[in-house]
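What follows is a set of structures to go through.
Two complexes are shown next, each including chain A; its partner changes from chain B in the first to chain C in the second.
Our next item is the complex of A and B:
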């Protein structure tokens, strides 16, 4: 079962084999991610923050190819900066998600990244958008990355409409913790970002502070 | 205030010694030769009224429209050279469409008017082209930002307004508009007042027949810009004609 790999580790693509999640609550959103970046079997970075800023109150969660996802996020960050100055106010979350979608769709054959865009704007409150493969869809919550497959059952069962901010934060932390314990490509620490009218608050939860479940 | 800028007025790329660009001023004169268009913003929407002079009895009714739809939620009323105005309405449509394609939502009216104004301004910089000979009023309604009204003139400036008028009777129309308490009116009330103003400023002696073009966008149309429905228009025109007759009667009493 243990085979020697003939290719060196530098030849495998660097993927953020990942767990990412974003949830809406009344008045904002909570985004969460793990922190493992792998190149094949090697963990290249065990503390990467996959929650990337697009604007003051709009973040995106990165998954898939690390380079593709980071580049898309940087491009959209730039475009939103220009856009918000042109229109003279904070951009809508939908605008950020549309910009991400336009890049993902146009270059879908060349890119392999999935970004979940979430944030707060004054018109729509907290919003979560999914942009997988170039589609655009608003959802009350979304999960992504390799670790998400292990937690679909959990999120579907545990999600309730009308959760408070603290409930959402707990829900996100629990989900990431469970995914990290089952998915080999997810691990490290958990990063959390909570966005509401007042702004964005970033938090890092270390490995030993994460919630434990029956097998831990 | 007409002055001839002999020698300094041949191209838009020349300033006169007293700091004016005459080609742009001449373009604005072209707007003043056209018949009047007004736009008024009220509590829950925007209403446009255009005095469309009918130059020949052979014209089909409703041809040569001067109110355009730029996007679902934006209307544009024009005065000046109609061909220039049509070309600019296409520019505005493209801007609105590209914005929606890039950003996924309706273009804010302030941004649209700034973009089109920038385009109009570009044509005032070079001798190879002439400035656009039209002014236009843009109006929209949005759930969150409410009604908005902007006007763009041939020099490439855009201003936000509660009420504005362009064309030959703009001064008279502005006086009438200032009498209105538009912030407290609804679209249905305002439609009648707009019709009345157009009838008031229309010069029976110099210009004969005219068609009244009325359009609105607001809560009453659910945010969609459209021509006013036939029954509302007829009611508004009746109100306008009746008010004019009343004023005529009151004049006779004074005699």
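Our next item is the complex of A and C:
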């Protein structure tokens, strides 16, 4: 017991636990995440923004090992900057997702992070890509992280094609809120990013402003 | 492995690298298989923390270094210099934090000479996280990095696997929970310097008195634009008391029966005195 209290602190890896979600709507995407980062049983950061910028209109949502996810996001951010200068225009969301997928696949034995890539580009409009374990798949919406298991039923039932921007934002907030209340590794505040033709808009919803459901 | 000759001390540090981590891990495993154990690495147990206030950063640390359950150093320095405007507290394995901060400090100085500008805290953060990620957590250095640059005061916490968080207040080490409790209760935005120093002092004190891995004194480092106050010690929270009893006996306690004196022909060549801490 004495040994543990002095040594366990830095030996357990920092994970993002997490609930992340990305949804497409006509003209853009909405990404959402919780904000809890844990190391073993301790919460080391209760306000981390897991929606990381890859480019002006392309964001990715981080989950899994914090170090792995942050490193992948920073590497792809750099590669996208170079790529966008080379092609002389804003990169496609598919390019960003491919760069993430390449790293995730090549180092799949060493890394344990899952990034959901979502954004808006001129050719394809709003797009959501999953890159779990090194695959690349475009989906109308995607959930990830430890909290996602609790809300698969909810998202499958509530998602409808052709939702408006506001409906999408409400859908994302509801999902995050439900997952945070059931998953121990998710919590804190909810971050929302809405990306459309005009750009990316970040929002933070504090704990007491989140929607409440049965038993709250 | 190491090049010699014309390079100066600072450059030398650049070339020292961790070629041996894998070999060391294998050696340790083989050694344990044979039934022997490698000497325990000295860890810093520790409570370290940092806070952003109105004009800058306050970093705080305790001063106990442990080797297993024994205190190896009662007054070690855990706040390391990175650059004139950036300092870093280190928790985890003492050697790892010491060497990592020295390497990054050296690289940052070269970088700063190359750019001609005062280094930024974000640069130090990137260098540290990329190096720690490269070693996949085998370098046990958990750091609190703080400084003031052209963009204002910044505070980062850096974990051994290479993830970082940028926050207004952070704590690390075995006493981090005790210190965080104090911060969560009393932190406010835009504090004055004296309030910030008192808050950090109280947070470290919480770690010192409630965590076995932390103890002794409280060191503080206040960084503002153009000025650094390295207060070591800021607060001697655990001063050793004065002994009231004595083991010396008075002359005459034992009776003397006989006395015989033999003179030795000796010449004093050199006399040096080195005091031992017998208090």
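Criterion: the second predicted complex is superposed on the first by the 209 of 216 C-alpha atoms of A that agree within 3 Å, B and C clash if a C-alpha of one lies under 4 Å from a C-alpha of the other, contacts with A are read in each partner's own complex, and residues count from 1 in each chain.
Just so we're on the same page, a contact is a pair of C-beta atoms (placed from the backbone, for glycine too) under 8 Å apart; a residue touches a chain by one contact, two chains touch by 3 or more.
Nothing here was measured: the structure is a model prediction, and the numbers come from that model.
Novice: Comparing chain C with chain B, which touches more residues belonging to chain A?
Specialist: Larger number of chain A residues touched: C.
Novice: Please indicate which partner A:210 is in contact with in the superposed arrangement: first for chain B, second for chain C, both, or neither.
Specialist: After superposing on A, A:210 lies clear of both chain B and chain C.
Novice: For A:42, decide between first (touching chain B), second (touching chain C), both and neither.
Specialist: second
Novice: Answer with first, second, both or neither: which of chain B and chain C does A:173 touch in the superposed model?
Specialist: So A:173 meets neither chain B nor chain C here.
Novice: Which partner chains sit in contact with A:97 here, chain B, chain C, both or neither? Use first/second/both/neither.
Specialist: first
Novice: Look at A:142 in the shared chain and tell me whether it touches chain B only, chain C only, both, or neither; answer first, second, both or neither.
Specialist: A:142 sits against neither chain B nor chain C.
Novice: Is A:86 contacted by the first partner chain B, the second partner chain C, both or neither?
Specialist: The answer is first: A:86 touches chain B but not chain C.
Novice: Which residues of chain A touch chain B once you look at their complex with the stated criterion?
Specialist: 83, 86-88, 91-92, 94-95, 97-99, 101-102, 122-123, 136
Novice: Over in the complex, which chain B residues touch chain A? Could you list them?
Specialist: Residues in contact with chain A: 101-105, 108, 110-111, 143-144.
Novice: Help me check something: in the complex, which residues belonging to chain A touch chain C?
Specialist: Chain A reaches chain C through residues 2, 5-7, 9-11, 13-14, 37, 39, 42, 44-45, 47-48, 65-71, 110.
Novice: Can you list the residues on chain C that touch chain A in the complex?
Specialist: My answer: residues 43, 45, 66, 69, 91-92, 129-130, 132-133, 136-137, 140, 142, 157, 159-165, 167, 172-174, 176-177, 211-213.
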